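Below are two complexes that have subunit A in common, paired first with subunit B and then with subunit C.
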Partner chain A sequence: MNEPLVQFRAVHKRFGTYVAVKSLDLDIQRGEFLALMGPSGCGKTTTLRMLAGLEAPTSGSITIGGKVMNEVPPHRRDTPLVWQSLALFPFLSVVENVEFGLRMRGVDARERRERAMMWLGRMDLKGFESRRIDQLSGGQRQRVALARSLVTEPEMLLLDEPLSALDAHLVIRMQGVLTRLQKELGITFVYVTHSQSEAFAMADRVVIMGHGAIEQIGRPREIFRGPKTRFVAEFVGRNNILGGTVKAGLMDSAQGPVSVPAPDGPAEIVVAADRVTVSRNRPAGTAIQASFLSEEFAGTGIICYFETAEGAEWKAQVSESQLAELQPESGQSFWLSWDPARAHVMTG
Partner chain B sequence: MKTFIGWAYLAALFAFIFAPIAASVVFSFNSDRFPTLPLGHFTTDWYARAFSRPEVWQAIGNSLIVAAATSAIASFIGFATAYTDFRYGFRFKPAYLALALLPPTLPLVILGLAMLAWLSQVGLSGTLTGIIIAHVVLATPFAMAICRLRLSQMDPSLESAAWNLGAGPWTAMRHVILPFCAPAIVSALCLTAAVSFDEFIVAWFVSGLNRTVPVLILEILQGNVDPQINAIGTVVFLTSMSLVIAAQFLIFRKRRHE
Partner chain C sequence: MNASRKFDPYAYVWRLPLLLWQGAFFVIPLIFMAAMSFWLVKNYRMEPTFVFDNWERMLGRGAFWDAYWITLWRAVLAGVIASAIAFPASLFLAFRLTNSGRRFALLCLIVPFFTSFLVRAYAWQVILAESGPVNAALGGLGLGPFTMLNSGFGAMVGYLTLVLPLVVIFQTWSLAAIDKSLIEAAGNLGASAWATLVRVIIPAAKTGLVLGALFAFIMTFGDFVSPFYLGGSKPPTLTILIIDTTKSGQQWPRAAVVAIVMILTLFAVATAAVKAAYRGRG
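Now for the complex of A and B:
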């Protein structure tokens, strides 16, 4: 019943001497929206391409629906992919593009036209069926690509950075379209992206990959607030990382002793930028001293950058009014403090 | 002023290139036996005489057969070569490409001699098949270059997208690669036909008694200066030009689209 739709077991992929994916173990559940996220070269796209059969694993096994798929060529799988470049066929009209998958499966002309038109309607593209692809806007092409992939009613849809070519406001709209679609269809979405805002906004579970291996799997909030490794903490969000040895609740960090709710031994803590308070005078409790570098406007607030005497960079998110009050100037010294209970202790 | 000089320069350039051809066309309709000014009166007599000769028709027939066969075979090989280059990476690819593009850089006299020697070895010298083989060698690189240009404009994920949607490798070739390359392939057909239809030196070496039109023209010229040459030349020129213009048109039209 609860058998996962996809299982990666000890999957390795090498290109010559380059290891793209190493010992990957991953289960993808039926009906979930899974995001594979990581910086470029982390192996996320290779993982997706192996799922589509465009690359074969060097070793290990990939099963889909209980069947080992390692040697199954792409055209004998039901794993439609929405390409980063969209890869729409420029010599076919919109409706012919959408029909393509059905035509390859030998569905007769009348039925495939009907089903393609149904999907065009669903994607708000009614009236565009006989247009050429180059007569459409970016957002419309995006929806044609989706319709083309979904027309065969697959169990799973693969998406390879499909929104990377769109304007910011269209990205938000398409995110809404995608999440709604995934809920309505109840099928599995596997979504590859390097953008954490896309991954966190849409996915049920996020897989963070780095250097060909999985760093952490979890729900967006778990990963955002509780990064397991230094890699994840640095890749996700604006985090400050502090390391040292804990003794009786006190860590001897490079920035002096800080109180850490962790058992004795070496530890690393993560303090999110939005949990750091900036003040001119030393506050009570845990605080470190750092000099102001610069500020950056980031939508919800302002990120201030500091440097400690030891050369570590610290980030703190402040509001506009706080910034006006502090009036920081480059090189000035400030105190950065946080509630030790809200610092996250890394376990990975 | 500057644009005027530019235009004048362009006009002079075109005049320089096309004057001899234009003269040949003009004199083909001129009643005088020798190409001199002032012109005599207008006549189509030279055409009538030239095209009443059976050997002219024979040569045109030969040329058409050779051009058609050359264009089909050269375009097929050219496309296959370009696709191999597009699709596969392999160890000696630069050598493969250099070899594929080599024939037009060889002096035609050398190529003609080599072809004659080789074709007589295999007993094809003096046959139309022999001319076709020689012309395929000569024309294939052009077909390949055109197809390669087109494939370089293709999104490499287009073919994978076809597989991903359920097309096997051959189906993807038929439904995606070939339709995408169609303008280039038609263009290659026209251009290789023109290359073959025009080609004189290699054809002269290997044609024997099966003369093509350019070879026949030379033979008539060796006998005497006859305005019939102008008439035949005009027809050859128009045929080749239409093929080349058709090829160019297809290449430029597809660019406007994308």
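Now for the complex of A and C:
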């Protein structure tokens, strides 16, 4: 494998007494679409801002292209960032916004106009070049911000929750635009988000961060189906977590004994909501009992919420026809079962 | 029907005091003054009539135009100098202080207004006098003494005393209101600190910067204390011309001509400045 484009080595970042990022080690490969994901305050934005030089690490080193960048000011880097607020200049026209980076690099007027117009064309913004920013729609502004960042042909593009202000249908469209763009340009995208649908839909690799540290790195499917820690299991997807001590393939969980294919000792298993079967009568095999709370229509199906006698919340994904068949009412008791082989045993 | 267009007695009740005040103490006196500019003075008494004598007499006089241009020039100069001196301070207040520090600093900038401007002008008379502390200090270095009072310099010191705090407040307010991500974005796109200042910070704060300079212009243009007590009335400004005209032979109608020319000038400058300040905005 080639040398990674970016290397974080033992990076710490403190603001006063608050530790935003601790002992961060991370390699970012050339040409990959990497998503940094986590709840607010997990350090993902700070990590991105350190990459852009907007924050300096308290200790550790950040190298880009083999060069230590810790003390290099933002304007001497080539790490354009797309802000959550987009940060377009309201006093400049669309084309002047796009030209800005080229102007700062001393590109002459004719060439920079040509290159800016080329990018506006590529972003479907032909004819909008002399508009003011406040005369554009949200989606158009988004594309201006992308054109402005990409016009200098950087090796890497940083994006800080760029889609969080858009309507749901526009988010899906822009995800398509971003992934296509990244494949066409072949450059590195580092994308910060708290939305797992955005991260899992676009990224080659996802980094889950919590409390300033990396919890797990992997391909979207690996993280979705194989969370390593309880933090990841709770943050990603709709997971049910069950803990206890395993003895001879049986775990003495709070919900009673369940079959777990793991060696003896303490363990935690994760059962994804879409792998739980709901039935009124006790099925054969591994099952626990819980009372129905409510249902919620999600994009992929219906999520039913249950509560066990011990007070643990369980989620199960069912189809519309299954729901019609079950006709659950609040407080009714059901059996939740799963195939023990498809439960994920956490190792982290 | 648009509901917001409906007659709303409640809203009118609240607007009424302001309308009455403006009508009684601004619009009616203004109309009276305009009418008066066509009256004549005979035996130290005004006689209502409608003749253009005052207008011809005042606008046909070289002295009037000398006073007009010096007043206009000084107001422009004070606007430019005050803006230039205030700007570094405003940058510091806007970007180097915490929010609470900035609130305290802005409060300090209001404190000068607690003292009458006339009193502050007298204070400058003492400080700038031939035998005052400034000349004493310069004398210690083997310089001077300089004549600072009763000159254009003295008047400018007065103008800046009057307008500087206000210009700093306007500038700081507009600089602090700039979206910080715009400044970061400029650096992120390759702009040095200087390029960020010129290409992003100044354009983004343009409205406040222009309005600050406009206020300095307006206050200087109509100031009487600085040119009289610190500038020694040499050369006379329009405000001094008004005083002189009313004193010599009760010529209130001719003073009204000067006042109307001043109002028209201020109106033209203010309109142009506000237009420039908001150009390119939604």
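Going forward, the second predicted complex is superposed on the first by the 347 of 348 C-alpha atoms of A that agree within 3 Å, B and C clash if a C-alpha of one lies under 4 Å from a C-alpha of the other, contacts with A are read in each partner's own complex, and residues count from 1 in each chain.
The rule is short, and it goes like this: a contact is a pair of C-beta atoms (placed from the backbone, for glycine too) under 8 Å apart; a residue touches a chain by one contact, two chains touch by 3 or more.
The shown structure was predicted, so the numbers you read here are calculated from the model rather than taken from an experiment.
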Room on subunit A for both subunit B and subunit C (clash or fit): clash
Contacts of A:P80 with subunit B and subunit C, given as first, second, both or neither: both
Which superposed partner A:T152 touches (first subunit B, second subunit C, both, neither): both
Partner chain(s) touched by A:L54 [first = subunit B, second = subunit C, both, neither]: both
First (subunit B), second (subunit C), both or neither touched by A:D134: both
Partner chain(s) touched by A:F91 [first = subunit B, second = subunit C, both, neither]: both
Shared contact residues on subunit A - subunit B and subunit C: 52, 54, 73-75, 79-81, 83, 85, 87, 89-92, 100-101, 103-105, 134, 148-149, 152
Sites on subunit A touched by subunit B in the complex: 52-54, 73-75, 79-81, 83-85, 87, 89-92, 100-101, 103-105, 134, 148-149, 152
Subunit C to subunit A touching residues, read off their complex: 179, 181-182, 184-192, 195, 199-200, 203-204, 206, 280-282
Sites on subunit A touched by subunit C in the complex: 52, 54, 73-75, 79-81, 83, 85, 87, 89-92, 100-101, 103-105, 132, 134, 148-149, 152
Touching residues on subunit B, where the partner in the complex is subunit A: 155, 157-158, 160-169, 171-172, 175-176, 179-180, 182, 257-258
